[in-house]
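Both complexes shown next keep chain A, but they swap its partner, so chain B is in the first and chain C is in the second.
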Partner chain A sequence: MKKIKLPHGIPDYNLGEIVREVPNSEPPALPVNKKLKVIGKRIKRIDALAKVTGSAVFTADVQLPGMLYGKILRADVPHARIKSIDISAAEEHPGVFAVHIFEKRYEGANPKKNSPESGYPDVIYAGQPVVGVAAVSTDIAEDAINLIKVEYEPLDFVVDLDRARKPGAPLVYQTDVDQEASSGGEDIEEGLKSRGNVRGPTTRSFYGGPRGDLEKGFKEADVVIERTYRTQVQTHCPLETHGVVVDYNRGHVTIYASTQSTKGTRNDFAKTFNLSKSKVRVISEFIGGGFGAKHSLGSFGVMAGFLSKKSGRPVKLMLDRKEEHISAGNRPNSVQFMKLGAKKDGTLTALKQLSYGTAGIGLGAGVGNIAQAMYECPNFKTEQYDVFTNAGPGAAFRAPGNVQGAFALEQLIDELAVKLDTDPLQLRDKIDKSMIRKVQRERAVQLLNWKKPKKAGSDPGPVKKGIGVAQAHWPRFVNLDSTVEIRVLRDGAVEVRSAVQDIGTGTKTVLAQVVAEELGLKAEDITVLIGDTLFPIGPPSGGSVVTGSITPPARNAAHDIKTQLIELAAGELNTDTDNILTENGWFFSKTDNSKKISFHDLAGKLRVEQITATASRSDDYGGFMVGTVGFEELGAVQFAEVSVDTETGFVKVDKVVAVHSCGRPLNIGQIESQINGGVIMGIAYALYEDRVIDENTGQQVNPNLDQYKMPFTFEVPEIQIELIEEYGARSSTDATGIGEPANIATAAAVANAVYNAIGVRMTELPITPSRILAALNKAKKENNE
Partner chain B sequence: MKNKKPKKEKSGSISRRGFLKGAGIAAAGTVIIGSGVAVLESRKSVQNKDFEPKTINISMKVNGSIRQLNIEPRTTLADALRNELHLTGTKVGCNRGACSACTVWINGIPTLSCMTLAIEVGDREVTTIEGLAKNDRLHPLQEAFMDHDATQCGFCTPGMIMTAAHLLEHNPSPTEKEIKVALSGNFCRCGTHPKVIAATLDAAKKM
Partner chain C sequence: MNKFSWYDAASVEEAQKEVNSTVSQTIQPDADPNAAVFKAAGIDLLDLMKEGLSQPAKVVNVRNIPGLDEISFSPEKGLRLGPNVTLSQIADDEQIKTHYLAFHQAASHAATPQIRNMATLAGNLAQRTRCWYFRSKDVVCFRKGSSTCYAHIGKNENHAIMSYGYCVSIHASSLATALMAFDAIIEIREKDGKIRLVPIKEFFVLPTVDRTKETILEPGELITSVFLPAPASNRKSYYIKMGSRKSQDWPMAEVAVVAEFSGTICKSANIALGAAAPVPVISTLAIEAITGKSIDETTAAHAGRAAMEIAVPLSENAYKIPVFEAIIKRALLAVV
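Showing the complex of A and B:
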């Protein structure tokens, strides 16, 4: 072990240094961004050229010789027993190479008992895959799908969260079920029992369980607020749908996958097909978005595997847009019963949270840990229940749980501020112990020239303006299974190799930056080869873990390479290794500037064609802060300004101010882009998106982009971003991700702004014109009474 | 009925074995994936189109050159470009005209290629994202997209660029609102809109 001095704190606030004891293999401390050349700058994405010229090859674009196209017949009933399946006509159809019937269900929760008499799994949602076909074109595969006859024996079904909770509701599962959580960050507690369709409750997170004594806390309170909040089901809608190309070739399988986890996809496939991991290779060079839904192989991937195995040919199976909506994941809805107690000075005395949510046939419909972790409150209890319905399985979705949780919690805190007639930022100063959010609020006050918001609904005229604030909390997760190999080749090329994937967040570019900084090169000098399980395994792209997990080993491996090169340079320049300086692609003698050799020429002197170094993510410097809240969490504060037309109910978001931090920022442009994305997705969640299932048929009625309402250019407001550097001295790069925190606070900020505009609380998402008008009418009636 | 039944070959329709033989001429070659690993594929192609409904031969002018296509009449322009001509820069997001990812130009007019049959194109000229750069010089909009970080996952990017580039052809100095109108049908889930608008404004200045 050795001691190194690292930057610690927030520039222009409390920046200092801290000494940490770290393993000898760790590189020297990286100074603050101001002193660096490549890190922390607006570096162009290294794959931008491929994206703007159309040469980027996504999974949807992969074409292999002899490739077939797969298509899935999906059940068009929400709950049924399959009596028979006749695939003979499909098999005979010219151009069809393989037909496969699923013998079990490969998605949702796994009932412990699942051995249907018919030999086919029961259908438990409309959209469940039943049969797959591989043919020479998608059109012909579709023709064949239409020739398949499935006889269903319909069963009673339930798709509504409230109805599914009632005694006597049709059961989705007959037994207790479990499900492995994905790497996307949703919480699923093992071994919980079900009563009817209701499973749980979950009462714990990694922050611990209940605290204190609720009853005592509410007794101590001067103000008690009770509210019920509802959030809708949101679908991920990545523009590239889920899909794979599986090439099952004599026991060796190559899979091109639009995935957030090459590792997870490989491991799922190896397990399902009983193959060694070394026989399965997953390649994922460009991914058209994921947002949490693309962490596993998926039932379609299993189907493509069977079809490729049967046909002996590569099979491409991309979901169409409808399949994407109904079967490929969603953010579960929620109903949250909240009760908050506080003293007159704002001190929280008790917080009780009871929630139900449905991830359809899956688990993971909790409302996160934000209520437990964001504010100081000695007496706290949460009970979070999963409710099964006959609908497509949920999936991790950008800050799973905490987006739903923030909508309720942050409106509740806003309501408390109004009740106590205090500034919502001052109230948070009192109850929020997070250092980073304190600084963020201070920065926002200066930036916005912030004053206590005007009285709610006080604007004259029909169009009323409002401002609202809400905060985000997301833990700083690290995935230790993160390994990078760096190679330098004799022609001076530098390669970064890892199985980690870039889902559009810019992982390739930050890897290039970190390695370039270490080696004294430019980002564009680095070749980043990632998204391939032939390379060392990297983390899944979920939970904002990638940057904090993969960039430290990249720097450590680059440092190892640099050490090897310095030794070589010292020999070439006839000096000591201590006397070598690397800068701008050159190795210098510190004492004699004329003694120098370029990176390129030095690489030419290598004894072998390449030198290589591999590093894995080491433990956090200073030890992991498991279950603690505070300084280094990924907190954020967001403000929304809205206009509400009280005659039409139409809400327009005029501006969002987003104050964020993510440790040491690596690439400013990419961070801004992700914050923009989180904010826009949050606005869409607040105002537009809503998966609607018809209760009479069990079918989603809006399963495409023309029906499922989404923001386009006119719905996107001005977004002002303030990024605060924060050094935690936790790793050799000290950087973290930004994907989740960007998405957590927005909907709550919009809802609070709507309240400030019209003086009526909107407790149900999405905040549609009809809901605004209904709420205004109800308030008017109540005022008249 | 289980799916493991013996395969019988029906007379009158093309047999599986016959089909394979017929497909024997096609490409065996090397596929280079972007991660730099070469995969040698030696299997025969099955991209033979000897099925009902009958395929037809058409020619189409794409990015300046005349291309020959043998396609089913129902083939969309998007599928023809992507699957037959391997111009996969044009993306399909929804396949029903709701996301504009598939935008190409036909005689210079932005057109949704997923809503257009390949046989409708006739003697008009198709320009795709691959044909936007002229003589290896990027279109200023492509440069601006890179400078402004206007791509995230990149899947909507070709459609965004083809739409915005058309706007700039006809309106060299658009206002922000005019850009928003032009791009109002282009869906992006990553949230690139603010930077796409900034990039388009910037490209207009430089053109």
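Showing the complex of A and C:
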């Protein structure tokens, strides 16, 4: 071990240095960004040209010799026993090479008892895959699908959260069930019992269990607020749908996948098909977004595997937009019963949270740890229940749980500020112990020229303006299974190799930046080869872990390479290694500037064709808070300004101010893109998106992008981003992710702004004209009484 | 999508000879397996075919027939539009903007620029409802031959609030709403070549009359022109659409007002509502309320409320009533 002095704190606020004891293999401390050349700059994405010219190859673009096209016949009933399946006509259809019937379900929770008499798994949601076909074209595969006859014996079903909770509701599962969580970070507690369709409760997170004594806390309170909040089901809608190309060739399998985890996809496939991991290769060069839903192989990936194995040919299987909506994951809905107690001065005395949510046939419908972790409150208890319904399985979705949780918690805090007649930022100064959010609030006060918001609903005229604030909490997760190899070739080429994937967030570019900075090169000098399990395994793109997990080993490996090159340079320049300086593509003698050799020429002197160095993620400097969760958090404060037309109920978001931090920023442009995306997705959640399932048929009625409403250009307001540089001295790059924190606070900020505009609290998402008008109407009636 | 043959017609006569079915008929359980249908831009037809709702054996393209995409205007005769005039042509035409503002506004707020560049006037009028049950191949709704209107008993936030019987779908065309307010005339060429002129009020069919279709068009009949009356110096118009999004969206509620003034007094008015009923409707109650009055905040609001007196909302769409009240009021105030 050795001691190094690292930058610590926030520039222009409390920046100083801290000494950490780190392993000898760690590189020297990286100075603050303003002293660096490549890191922390607005570097253009290294794959920008490939993307805008269309030369980037996504999974849907992959063409292999002899490749077939797969299609899945999905159940059009929400709950049924399969009595018979006749695939004979499909098998005989010209151009069809393989037909496969699923003998079990490969999604949702796994019932401990799953042995239907028919030999087929029961259908438990409309959209469940039943049979797959591989043919020479998608059209022929579709024709063959239409020739398959499935006889269903319909069963009673339930798709509504409240109805599913009632005694006597049709049961989705007959027994207790469990489910392995994906690497997307949804909380699933093992071994919990079910009563009817209701499983749980979960009462703990990695932050611990209940605290203190709720009853005592509420007794001490001067103000008690009780309110029920509801959030809707949101689907992920990545631009690129889920899909794979599986080439199952003589026991050796190559899979091209649109995935957030090459490792997870490989491991799923190896396990499902009983193969050694070394026989399965997953390639994922470009991915069109995932948002949490693409962490595993998926039932479609299993189907493609069977079809390729049976036909002996590669099979491409991309989901269409409807399949994407009904079967490829969603953010579970929630009903949250909240009760908050506080003293007159704002001090929280008690917080109680009881929630139910449905992830359809899956688990993971909790409302996160934000209520437990964000504010100081000595007495706290949460009970979070999963409710099963006959609907497509949920999946991790950009800050799973905490987005739902923030909508309730942050409106509750806002309501407390109104009740206490205090500024919502001052109240948070009192109850929020996070240093980063304190600084963020201070910045926002200056930026917005903030004063206490006007009295709610006080604007004259039918269109009323309002401002609202909400905060985000997201833990700093680290994934230690993050390895990078760096190679330098004799022609001076530098390669970064890792199985880590870039889901569109810019991972390739930050890797190039970190390595270029270390080697004294430019980002475009670095070739980044990632998204292939032939390379050392990298982290899944979930939990906002990637940047914080993969850039430190990249820098460490680059440092190792640099050390090797310096030794070579010292020999060539006839000086000591201590006397070598690396800058702008040159190796210099510190004492004699005329003694120098270019990176390119030095590489030409290598004894072998390439040198290589490999590094894995070290533990955080200073250790972890718990497990592999770091000490600092990824907090954020967001503000929304809205206009509400009280005659029509239409809400327009006029502006969002987002104050964020993600440790040491690596690429400002990419971070801003992430925040823009998170805010837009949050506005979508606040005002527009809603998966609607018909209770009479069990079918989603809006499984498209026409009637499933996402915001378009006119709905996106001005988004002002303030990024705070923050040094925690936790790793050799000290960087972290930003994807999830960007999406947590927006909907709550919009809801608080709507309250400030109209003086009525919107407790249910999305905030549609219908809900605004109903709430205004109700308030009017109550005032008249 | 099913396989089909393609026929590129060079003339109206040729196209009519090839066609033996309406698109609506292909959606019915007793659809002719040899159905041949018209296609202009194909915007709606493609949606219906992709979902598997319509499976024609032959698609007869009328898009390339010369002379069908012309706009002509004279202050005496008014406006004549060919059936293949695109929504973009309407939105970009200065004469239309000057003399038929509501029609211009309806065309320029429909769909997206890309769709407006393709979509034709006649195709827009003949498109089918966007009811999400009707549009799903997994649901056999009342309009597609079953005895159940699932919207009536289910998810109906977008659906009708008046003039419905059992089916509560709403008509999708915003252009139709504006054309209703202008008392447009539709010229139809019958299969045998005979021309008939139909006032737009008689062009649309309520599901209580025939649930299988939304217009009076018979197999092989083609819209050949749409006429709008000559402008008058004392006549003004305005159109307002409320959709959940500002662009690329269907209306939740829309209104087109055409009014004639004598000084500040509204001498006569035509007020058409879209997304309120299975067909675009004229609100006679609103017209009665405003005719002979000077339009101000009070009288305009009164007309809005009057229009909604006959509204019978469904379980999820009562919100449409205040939205219509507000936009009728605002449109009236805008034409003063």
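We adopt the following convention: the second predicted complex is superposed on the first by the 780 of 785 C-alpha atoms of A that agree within 3 Å, B and C clash if a C-alpha of one lies under 4 Å from a C-alpha of the other, contacts with A are read in each partner's own complex, and residues count from 1 in each chain.
The working rule: a residue touches a chain if its C-beta (ideal position, glycine included) is under 8 Å from a C-beta of that chain, and two chains touch if they have at least 3 such contacts.
Here the structure is a predicted model, which means the values were calculated and not measured.
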Inset, instruction - Overlay done on chain A, so just call it for chain B and chain C: clash or fit. - result: fit
Inset, instruction - Have a look at where A:Asn696 lands relative to chain B and chain C in the superposition and call it first, second, both or neither. - result: second
Inset, instruction - Using the superposition on chain A described above, determine whether A:Asp578 touches chain B (first), chain C (second), both, or neither. - result: neither
Legend entry - Touched partner set for A:Ala126, first chain B, second chain C, both or neither: second
Inset, instruction - Using the superposed model, measure off the angle between the directions from the CA centre of chain A to chain B and to chain C, in steps of 10°. - result: 50
Inset, instruction - Examine A:Asp421 and indicate which partner it touches, taking first as chain B and second as chain C; both and neither are also allowed. - result: neither
Inset, instruction - Tell me which partner A:Gly649 touches in the superposition: chain B (first), chain C (second), both or neither. - result: second
Inset, instruction - Mind working out whether A:Glu782 is in touch with chain B, chain C, both or neither, as first, second, both or neither? - result: neither
Inset, instruction - With the two complexes superposed on chain A, say which partner A:Phe714 touches: chain B (first), chain C (second), both, or neither. - result: both
Legend entry - Greater chain A contact set [chain C / chain B]: B
Inset, instruction - Aligned on chain A, what is the least Cα gap between chain B and chain C? Give it in whole Å. - result: 5
Legend entry - Those residues of chain A which chain B touches in one complex and chain C touches in the other: 139, 706, 711-714
Inset, instruction - Could you pull out which chain C residues touch chain A in their complex? - result: 1, 3, 130, 132-133, 136, 138-139, 148, 150, 153-155, 157-158, 242, 244-249, 252, 316-319, 322-323, 325-327
Inset, instruction - Using the touch definition up top, name the residues of chain B that touch chain A in the complex. - result: 1-3, 5, 7, 10, 13-14, 16, 19, 26-29, 31, 33-37, 39, 41-49, 51-52, 72, 74-75, 79, 82-83, 86-99, 101, 128-130, 132-133, 138, 142, 145-149, 151-158, 161, 179-181, 183-195, 197
Inset, instruction - Over in the complex, which chain A residues touch chain C? Could you list them? - result: 76, 126, 139, 142, 462, 645, 647-650, 688, 692, 694-697, 699, 701-702, 706-707, 709, 711-715, 768-770, 773-774
Legend entry - Residues of chain A defined as touching chain B within the complex: 42, 44-45, 47-58, 60-61, 63-68, 84-88, 91-92, 94-95, 97, 99-101, 119, 131, 136-140, 236-240, 254, 256, 283, 285-289, 291, 313, 320-321, 503-506, 527, 529-532, 534, 669-670, 672-674, 676-681, 704-706, 710-714, 716, 718-719
